[in-house]
Amino acid sequence: MTGTEIAILWAAAIATLSVYSILYRENPVSRLFEHIFVGLAAGYLLVATWTQNLQAKWWAPMVVEGRWYWVFAPVIGLLFYFIYSRRLSWMARLAMGVFFGTAAGVYFREFFPLYSPQVWASFKPLRPIFDAAAPPVSVSLAWWNAVIQNWLFVAVLLTVMSYFFFSVAHEGRGGRALGRSALLGRWFLMIAFGAMFGNTVMARLSLFIGRVQFLLYDWVGHYWPWLAGRGT
Amino acid sequence: MADQSGSSGQMGAGASAGGFWARLQQIPRYYIYLLLAAVVIWQILFPIPFPVTPSATTRGLEEAIRAVPEGKLVLISADWDSSTQAETGPQTAAVVEACFRHRKRFVLMTLSPPMGAKLANNIASEIAKQYRATYGVDWANWGYKYGTSNVLMAMVKDVPKTVGSDFYGKPVKSLPIMRGVRTVKDIGLVVEVTGLAGMTEMWIGLIQGPQGVPFAAAYTAVMAPGYYPYLDSGQIEGMLVGAKGAAEMESLIARPGLGMAIMSAQSWAHVLIILFIIVGNLGYVLARGREKSG
Amino acid sequence: MLTSWLGPQQATTPLVYHILLALLASGVLLYLLHRYLGPRGRRGLIVVATFLFGLFFGLEYFLPVRTKTLWPTGLPNVGGSAGNLLTPGIEPMSNILAVIGAFTVGLGVYSLVQVHGRNVLRRRAGWYNSFAFFLSFFAMFSFGLWQYSLHLPEPIPPTLTLTQRIANDGYEILFQGLYAPLQAATFSLLAFYIASAAYRAFRIRSAEAALMMVAAFIVMLGQVPIGAWLTRGIPNEGAIALLRLENLGEWVMRSLNSPAQRGIALGVAIGALAMSLRVWLSLERGTFFAEQK
Amino acid sequence: MGSLEHANWFMRVLFFALSAVIVASVLLAQRGRAMFIRRIPGLTAIEEAVGRATEMGKPIFFSPGIDGIGITTLQALAILSYIVRLAAARMTRVLVALRDSTVLPIAEETVREAYDAAGRPEDYRPDDVRFVSDEQFAYALGSVGMMAREHTATHFLFGGFYAEALILTENGRALGALQVAGCPDPVQIPFFIATCDYVVIGDEYFAASAYLTREPTLTGSLVGQDIGKAVLVALIVAGIVMATVLGGGTPIVATLLGKGG
């Protein structure tokens, strides 16, 4: 290993351990590394903004290709800075208006690509459907299972959707029915949230395991070959 | 800044009484943290693996590798970096190992985080040593290729030209492994190893669908559930799910390795958390029972 | 004549003149707007800008598609995707907005420098942390730009000049030694937090909490071999196989979790549509910005 | 999904109808038609949560999530505006932690306007609206540091949240703060439920500003939204009926919504 690699190894190990110290409580060491992290990220943000965005998308077209009108982009961008002046802040709002409008317009574009497939994927047949090319040899339990699953799918979907009706009082005959459906929907939601939680635990554990591997195999293992040998 | 477990809102209801059962409901979080760390470290060093039964998805990937015809390459797209390494690293190793095992020539490539090319290269060259495989003949690394979907579209027409130079900066045309590789159709199987959404859609939309190149994948556990529909429809031949998938692959090719160690660490830590939940509930039920009867 | 004057300028001197002139023109325009637009005019301008940008991005999706020719050139659309007269504008306009947005990073950095600068200058408690912020900020900024400016090939060749080595190694230590590990370590804190959150939250306190706990429990057990071991007696064939924990966990994810998630998504679809409409038509404006005084 | 690249005639009609219904009910409400909104517990808790910080004499922490400018973030800022108005009237500070530099000026302007609206422009402190970091986990760590050092008593998290959510709320809980969180995306909701006192789920998030302010524009919009949702439900039911009757094959509703070639 070169000197630089050793330096990287130690820096990474110390940084990792200092972050873990926050598990006990927020402390002077974790605070120091929190500030270092924020500083590095801010420095990296400036570098990346130039190297990955402005250099290729703005500077090169304007200066190298001579598209002088790109100079209007920073003019509009800098309007945001007028926010610090009470008198001129309306110009910042003008620039914000551009972004507000864009945010809305982009959502209009996304509406069908995002949600159409979700709608049509919910069109589940509520009776057993045979594949005409390959009719089933026998009516099996698994085949009923598919029908039951579709019924359940539709029931969960519709009751959950009913939970998100806000302007109907859960009173009167129709209202009470909606209220009951909404309550059922809320229960289904809780089941779904529990399932999502349970499904994430494994993935989060693997993040920590990755760090432990680094600390044991790479860092300590560098000085204690037996340990490094466990990692291959 | 002291720990105030159970002080806020509905969280600590019923836990005010003292006694052993009540205390089971309020295990300080430090103990949970320490036990969790201890279990993980213990399992990383001295794994006690659970018996592994390979799932259908893992078997599908293994069969897809075996089915690659003699003259074609396996392309492993290693699109991951250190953030998901605990899962994607062993997965890459397991796929590489399976290729060597079944004597399939393969190439590595990285489309998304540039770091992936180097990390995957380390893994593959380490395993290549064990199989006495030669770089450039039995396997190669195309390195990081900038441009994601543009790279794929260009590969449809001309692979060597699109790839240009390999990980070490050598022109790929000079590598023996590339003899006879012209278009993407000379690739017998694409294996995408990733924690990134969107890569699969790209491969299926541009390569698997229009060009008919078989596609398989290895995903982190958290994103895998979203891809079952593609598996059902046959667009994905097989897939590895998290470290578990890597361990299953290792058991299929009878080479227990890192995936097994990580999977046992994951499993034991998982069991620990399940135990904590049981203990907390026992405490809750029993403490309430005592309150009622007392 | 006019098009060549307005088009790209290859030579340096006319380019500089064009840029300066454009800056001057925008300055004058902004001054005139500021001087002669009353409060109502200003508000009107903002409303119109918001509306037009929303209209542009939205309308492109909804306008009928013409597949044979491209607007405005009238050239045949060879191999390109279907589009209408606004389609060719979407990508450039997105690029322009990305560039405009990029110029606001200064605001973020300014906010940081202001807060931490004050801490250092006034020697507030913990000022040395703010000093560390500046140190790492400048280090990453300068090494990052320096290393980038060298345009080194990847992988780094073994022979580098001394300056190249310093630039590259300095950047590597900052990035691989600090930035990436800090990121990964912070992310991995979640393993601990998810464990203690699970312990605390999953109590059978109410019907709702119990439902959540049972679902989580089934899915968690289904993921570890111990779950399969617990229900190993159940045959893995036919409908009864569903009762095996590993199958049951997946069944909960597919049959209960996905429709519930979809129900949420479809509710949000309409809620976000309404919010977009209010923003686009400036109906929401009062919430953000009070009327001009 | 070639056919989702642009709208077909059915999508055009459907989109126009949904929009028209929402805008029409906004206009009706502005003319003074009374509208009903059912109780949403998570949102009712906001006032109580602000009150707690006031009682303890400690500041409030607010995070609008880590999305850039988009509909989710704009809604977060609308909620922020309401919270700042409440807090300003009770002379309680609100600290805002931001991840996107384009959101920063908008958040500053929103907070300043809210102080003006509460009649306390002199209490506005520019330092309280802070850019923390654009890096997801640096943002999380920096925000946790902010909570710990400023001894915040109440935490509001409204916006687009991802993996960093649990880092924020688990630390916030350990610090003993009262926490109210909401996110339109369901993925982080389980973790909010496990660590926060009140949680706003899914579309309740977009109903928040109407519920809180009871402004006619917003309540009207909410009624329009319900009609829009009813339209979606009707479409789904129609599709299910067709799929059931037809057996295999694609129901016409799916084709109208852009499914297939």
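When the chains are written out, they are named A, B, C and D in that same order, and each has its own residue count from 1.
What we mean here is this: contacts are C-beta pairs under 8 Å (C-beta built on N, C-alpha and C of every residue); 3 or more make two chains touch, one makes a residue touch a chain.
Quick caveat, the model's predicted, so the values are computed rather than measured.
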item: Chain whose Cα centroid lies nearest the overall Cα centroid; value: A
item: Chain whose Cα centroid lies at the greatest distance from that of subunit B; value: D
item: Selected interface, C-D versus A-C, where C-beta contact pairs are more numerous; value: A-C
item: Distance between chain centroids, defined by C-alpha means - subunit A, subunit C (Å); value: 10
item: Averaged-CA centre spacing for the pair subunit D and subunit A, given as whole angstrom; value: 16
item: Computed distance of Cα centres, subunit B from subunit A, in Å; value: 19
item: Interface hub residues of subunit A, defined as touching at least two other chains; value: 19, 22-23, 25-26, 31, 34, 37-38, 40-42, 44-45, 80-81, 83, 93, 99-100, 102-104, 106-108, 111-112, 119, 122, 154, 157-158, 161, 164, 189, 192-194, 196-197, 199-202, 205, 207-210
item: Shared interface positions of subunit D, touching two or more other chains; value: 5, 7, 11, 15, 69, 71, 74, 102, 105-106, 109, 134-135, 137-138, 141, 148-149, 174, 186, 190-191, 193-194, 201-203, 207, 222, 225, 229, 232
item: Interface hub residues of subunit B, defined as touching at least two other chains; value: 1, 5, 10-11, 29, 33, 36-37, 82-83, 221, 225, 244, 266, 269-270, 273
item: Contact footprint of subunit C on subunit D as seen in their complex; value: 5-7, 11-12, 15, 18-19, 22-23, 26, 68-69, 71-72, 74-75, 77-78, 81-82, 98, 100-102, 104-106, 109-110, 113, 116-117, 127, 129-131, 134-135, 137-138, 140-141, 149, 163, 166-167, 170, 184-186, 190-191, 193-195, 201-203, 205-207, 209, 213, 215, 217-218, 221-222, 224-225, 228-229, 232
item: Residues of subunit A touching subunit B in the complex; value: 23-26, 199-203, 205-210, 212-213, 216, 227, 230-232
item: Touching residues (chain side subunit A, partner subunit C) in the complex; value: 4, 7-13, 15-16, 19-20, 22-23, 31-51, 53-54, 57-58, 62-63, 65-81, 83, 88, 90-91, 93-95, 97-109, 111-112, 114-115, 118-119, 121-122, 140-142, 144-145, 149, 152-154, 156-161, 163-164, 185-202, 204-205, 207-211, 214
item: Subunit D partner contacts - residues on subunit A that touch it in the complex; value: 19, 22, 25-26, 31, 34, 37-38, 40-42, 44-45, 80-81, 83-84, 89, 92-93, 96, 99-100, 102-104, 106-108, 111-113, 116-117, 119-120, 122-127, 129-132, 154, 157-158, 161-162, 164-170, 189, 192-194, 196-197, 200
item: Subunit B contact footprint on subunit C (complex, rising order); value: 153-155, 157, 180, 183-184, 187, 191-192, 194-196, 198-205, 213, 216-217, 220-221, 223-226, 228-229, 253-254
